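Below, each structure is written out as structure tokens.
Each of the next two complexes has chain A plus one other chain: chain B in the first, chain C in the second.
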Partner chain A sequence: MSAVGSLVAGSLAFMAPLAPAAIGGLATEYVGALNIALEGLILVGAFSYAAAGSIAGPIVGFAAALLSSAIVAAGADLFSRKAKADPFVVGLGVNMLAPAAASILSQAVFDTKGVAVVAGLQSAMALPGLRYSDVASFAVAAAIIAAIAATPFGTRSRAAGMSRDSLAMAGVDYGRVRGAAYFVSGLACGATGAALAASVGAWVPNMSAGRGWIALVAVYLGGKRLGGTVAAVAMFSLLLSAAAAAQAVVELPAELLLSIPYFTAALVVIVGARGSARRSARRRAP
Partner chain B sequence: MNIVRLSSIRKYYRSSAAQALDGVDLELDSGEIHAVVGENGAGKSTLARILCGFERPDSGSLYVKGERADFSSHRDAERAGIGFVPQYSMLAPGLTAAENVALGHEPRRLGPFTDRRRASYEFSLLADRYGFAVDPDAVVASLSAAERREVEILRALARGGSALVLDEPTSILGEKETASLFALVRRLRDSGAGIVYISHRAGEIADLADRVTVLRSGAVERAFAAADVDECELAGLIVSGAACADPDRTEGGRTAGLRGGAAPGEPALVIRGVSQRARGSGSLLRVDLTVRSGEIVSVIALGGNGLETLEDVAAGIVSPDEGDVLVKGRPLARWPGRELRSRVMAYLPTDRENRGLSPKASVAMNAVAGRLFDYSFSEFAAGARPLADAAGMLGGFGVANWKGRRVDTLSGGNRQRVVASRELSGGAEVVVAANPAQGLDRGARSRLFSRLAAMRDSGSAVLLLSSDPDDAAELADRSFALYRGRLIPVERGESFEAAFSKALTGARQ
Partner chain C sequence: MRPGFRTRFHIETIHDAGGTKAAVRLVAALASAATLAALAAAFLSSEPSSALRAFFLAPFGTEAAFLSTLELAAPLAVCALGVIVSFRAGHYSLGGEGQAYAGSFAAALAAPVLYEALGPASVPLSILIGASAGALVAAPSAIGKRLAGADVLLTSILVSQGVIFAVDWAIGGPFRDRSSNLVAMEALPRGALLPRLAPPSTLTAASIVALAACLAAAFYFDRTRSGAAHDLYGRNQRFAELQGFDVARLSWAPIIAAGVLHGAAGAMMALGARGTAIRGMSGGIGWSAIGAALVAGSRPQALPFAAVLFAWLDSGSRQASILSDLPPDAGQAIKAVVILAVSARPAIAALRRRR
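On to the complex of A and B.
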């Protein structure tokens, strides 16, 4: 395979678990809520895939990953709405609770708190560099894109984020729209988690490795718009893939190389934030 | 035929501890325009919100075409044929006109997907039927205020349309748009719809209404056929009590004690050619106003005519889009904030909780907040001098029992006294007082007014912004009404209150 070809294939492999989480983050952004819990929800998905998959096989595992993440996300949102708790704080709670709960359950299910390799859960290659689980993950991302871009749910979500009054005028309950957005966000993180676990065929503690945060950065980098978020995800995946490939070529410490995508992302965010601040300042001026 | 009937509706708001509606009855027949009028806070908007299903009454009943009905959301009201056009925009700004109208009732295709083309098409049909020319695919944020209003009206008519509730619909419209709105409202009436028209503009109601219900403090004060009264009487009914061109009515003796003192001197606060765009109908249009030392100038307006914007501009909270604000000849923006606010300008804001006070700080700290830099570190740390100063200031306005208390434990009236203590103890040269008497009892009000009068007599320039014409009658040397962002001078003399009512409600003089 040519160098470019392998770079693209590599970035698709990076993109498969990142894309659903970012789109899920966008789904709650649409209703005006920042789902800070993406990282924790990915872990919930990954663990559910490994645990349910070890009992009933990868397909059931994938479905369990989607559902369990979605239920946790919607449940956390319901809790913050009913208890009038700050959704941000509740989300941080999910992020702290998820790895701890996974660790306890891991002891019960796999008899270890460490890495649990489950035979038969590593997904096979569908294409060079792309596993079946990655394809399923892309499919989930595509389905959510369709839902937020072209269904009444998407329009209502955007209306909820812009003006709750407009929803009241339409006789639509804001809480239900927000709950649905969190549910969708959970589905997406479940797909990400399942794709991660399926790529190695194992449950690894903290295997999300910051992908939830990168997904959030991608949402903001993309200006909280669909096209922008997809573009940001593609850019990250390319950078990550390039950094991984560069290890073989460039004689730099691997840690430094692998951190370049994150530094680049930070730089882009800072420059982007300054640009948008300047734009909005110009808009405010008479 | 009777479309909707409300009977003994009561509604209490715990958050503001206000009985918004206290046993209101209202009937709407088909083919009539029923005006609901009253001052701010009379309960008009609450009534509209209940009629349209946004809120549930605490008690009382609602009948649609004779049948008992219970609305749990606006969707229920729509099903009963009741549409609502809100005072301020309730559109999602980033969606298109057609998307806004279809929201919650989106046409579908291929199962779950929105049929955008059909939504646009249905919007165009609706717009054509009512003679509007809004582009269905235009994003709402890019539309003009009048076009947005058209979208709101179309949304209200899209479902139902046997009854339409319009809440202050003309407050953001110019004269031309107002005229075409009236034509539409008449057409709907003639085609058999019932219209509830909420307003405090006498001219409009005299033009338009068949029946009028006057609300005051949450109760129906009067209900009558519009033909029975003229525009003048109507203006008097909206603004409490003032009758029209009644020769017996002159300024009462109660004002004499306050007015008088030195002749006005140099201009201290000059507002020159100020225009400022604001949300809703709060815009100002080329306002010119000079307040000289030793005089009290009042500007009176009912809600939604630009008074809040004028307050922001005069106090330097916002700098106007056009024009200047000068304090003692120097542009307001060029005064250093500390110098301006500690020695030159006293400001009593309408929003005293957020702008006037720091609610979680102690009463004493709020009282001395304007002079913190007068204390040395050790004086402040020891606390004796600041506390003594606070005691002096608060005592002057009759705030008792304040030691060790936070501001948010005080009642509304006492909070305003704390603001007044801080702002009016220093002898500022310019005073901007916005609705200063709101929430004060009679005694506190007269104490505050005497203090303002005393400051005027010792050479302060006082700008009094209020929505209560009585404030102007009692205190002001010169008065203006603010109507739709323009200042209208109101001459003192006979039937002062009647003249005010007319100016405030836009009745033709």
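On to the complex of A and C.
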């Protein structure tokens, strides 16, 4: 495979777990809620895939990942609404609880709190650089995109983000729309977690490795728009793929190469903010 | 929906909760932590009585154990103070983890050199270098906010993640002590460490410094015009501007101040019980610090209590995992549930009514 070909294949492999989480983050952004629990929800999905998959195989594992993550997300949102708790703080709690709970459960299920390799759970290659689990993950992302772009749920979500009062006047319950958005966000993070666990056929503690945060940043870099978010995910995936490919060419340590996408993204956020501040100033000028 | 590079939200529960509310939150946190610890010991251990004893008594059972728990709380309190300083200005910086880790690394790197040149006087300088490293990691977010209005939440988490990778490389690569099985830098000379105040406990002057910092911050927020401006800026930037406060300075200075505190906390860890910089040593302190700040109701004077509570959970779960078979992560899980419990407003309100 040519260098460009392998870069594209690598990008797709990075994109497969990242895209659903970012689309899931966008789903809650549409209803006007910042879901910072993406990182924890990915871990819930990854652990559920490995745990349920070890008993009933990868397909059941994948379904368990989607469902468990969605239930946790919807449960966290329900708690936040009913207990009038700040969604940010609840998200922080979920992010702290998920790795600890997974570690405790890992001891019970796999008899280790470290890496647990499960035979038969590593997904086979469907295309060069792309596993069947990646394809399934893309399918989940595509289904959510379709749901938020072309269904009444998407329309209500956007309306909820714009004006809760107008939504109430139309007879739609904001809480239910927000709950549904969190459920969808959980489904998406479950797919991300399952794709990560299926790529190695194992449960690895903290295997989300910051992907939830990158997904959240992609939502903002993409201007909280569908096309923009997908483009930002593609940019991140390309950067991560380039960093991984560079390890074979440049004599730079892996950790330093892996840090580059994060610094680059921070720079893009600052430059982008500067650009939008200038545009706003120009619009305000007489 | 307006597209853009900024997150527009407020975290109400992280603003100053007021004296009574902070006290109620502490009581709620303590009650929920004790209940959860008892439940964890009962259901997660096959020796519940040993687990209970270890969880509740071991961290306070002897003078040395109690003082060591206080020492464990010191860096967390300083880190949480950083969270309060940035969050009360409306800057939701999530980069504490990377800033503390950078502080640990920088202090461990500088300490042997400074000790050789200055002897025991090197300790405060090493902490200063750790604090500067934290400020350096916070600087891109502060500059981005000041010059471009870039969202601090996004830039701080991105820079922090990048820094964590870079420090991981530094500790595990060129600065690693190859004679040790631990992925860590060379153990620091005893004289370069924070002096122990009450051996055999690990208590150092860090606890006193942390307490003094919390009290100074309480004075700043409650008794000074700058502190009032800081708070007002966090609640309503436009109003703070109309009042004639220096909003330009407040758009970046609290972010740097938080970086200084996080870096100093990291330095305290390296120069304290750990005795050097170890790969992954920050171990979620940035996130625990946000939780501690929340439990303290964002009041610096309540922070020492919140930090000791979290330190007890860490120490108790560790002791219980050694003396019984309670999973060591139980403490972290309990911390998370405590954070959720104190974020629930009706529960807090009900507790207030009872009081």
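The criterion applied here is as follows: the second predicted complex is superposed on the first by the 277 of 286 C-alpha atoms of A that agree within 3 Å, B and C clash if a C-alpha of one lies under 4 Å from a C-alpha of the other, contacts with A are read in each partner's own complex, and residues count from 1 in each chain.
Operating definition for what follows: a residue touches a chain if its C-beta (ideal position, glycine included) is under 8 Å from a C-beta of that chain, and two chains touch if they have at least 3 such contacts.
Since this is a predicted model, take the numbers as computed values, not measurements.
**Q** Should chain B and chain C be called a clash or a fit once both complexes are overlaid on chain A?
**A** They fit side by side.
**Q** Looking only at contacts as defined up top, I'd like to know whether chain B or chain C touches more of chain A.
**A** Answer, by number of touched residues of chain A: C.
**Q** Quick check on the superposed pair: does A:A180 touch chain B, chain C, both, or neither? Answer first, second, both or neither.
**A** Neither partner.
**Q** Check whether A:A51 is in contact with chain B, with chain C, with both or with neither, and answer first, second, both or neither.
**A** Once the two structures are laid over each other on A, A:A51 reaches no partner at all.
**Q** Tell me which partner A:Q107 touches in the superposition: chain B (first), chain C (second), both or neither.
**A** second
**Q** Quick check on the superposed pair: does A:A136 touch chain B, chain C, both, or neither? Answer first, second, both or neither.
**A** Touch status of A:A136: no partner.
**Q** Pick one for A:R156: touches chain B only (first), chain C only (second), both, or neither.
**A** first
**Q** Is A:A218 touching anything from chain B or chain C once the two structures are fitted on A? First, second, both or neither.
**A** Neither partner.
**Q** Answer with first, second, both or neither: which of chain B and chain C does A:G171 touch in the superposed model?
**A** The first partner, chain B, only.
**Q** Once the two structures are placed together by chain A, how many degrees is the angle at chain A between chain B and chain C, based on Cα centres and rounded to a multiple of 10?
**A** Between chain B and chain C, as viewed from chain A: 80 degrees.
**Q** Please provide the least distance in Å between a C-alpha atom of chain B and a C-alpha atom of chain C in the combined superposition.
**A** Between chain B and chain C, the shortest C-alpha distance works out to 6 Å.
**Q** Enumerate the residues of chain A that count as touching chain B in its complex and touching chain C in the other.
**A** Shared contact residues on chain A: 158, 162.
**Q** Using the touch definition from the top, list the residues of chain A that touch chain B in their complex.
**A** The contact residues of chain A facing chain B are 146-147, 150-156, 158-159, 162-163, 165-173, 286.
**Q** Write out the stretch or stretches of chain A touching chain C in their complex.
**A** Touch list, chain A to chain C: 29-30, 32, 34, 79, 83-86, 88-90, 92-97, 99-101, 103-104, 107, 113, 158, 161-162, 210, 213, 216-217, 220-221, 223-225, 228, 253-256, 258-260, 262-263, 265-266, 269-274, 276-277.
**Q** Which residues of chain C touch chain A in the complex?
**A** 1-7, 9, 11-14, 44, 92, 140, 143-144, 147-151, 154-155, 157-159, 161-163, 165-166, 168-169, 172-173, 284, 287-288, 290-291, 294, 327, 329-330, 332-333, 335-337, 339-340, 343-347
**Q** Help me check something: in the complex, which residues belonging to chain B touch chain A?
**A** Spelled out, the residues of chain B in touch with chain A are 53-54, 73-76, 78, 84, 86, 89-95, 99-100, 103-106, 108, 112-114, 155, 321.
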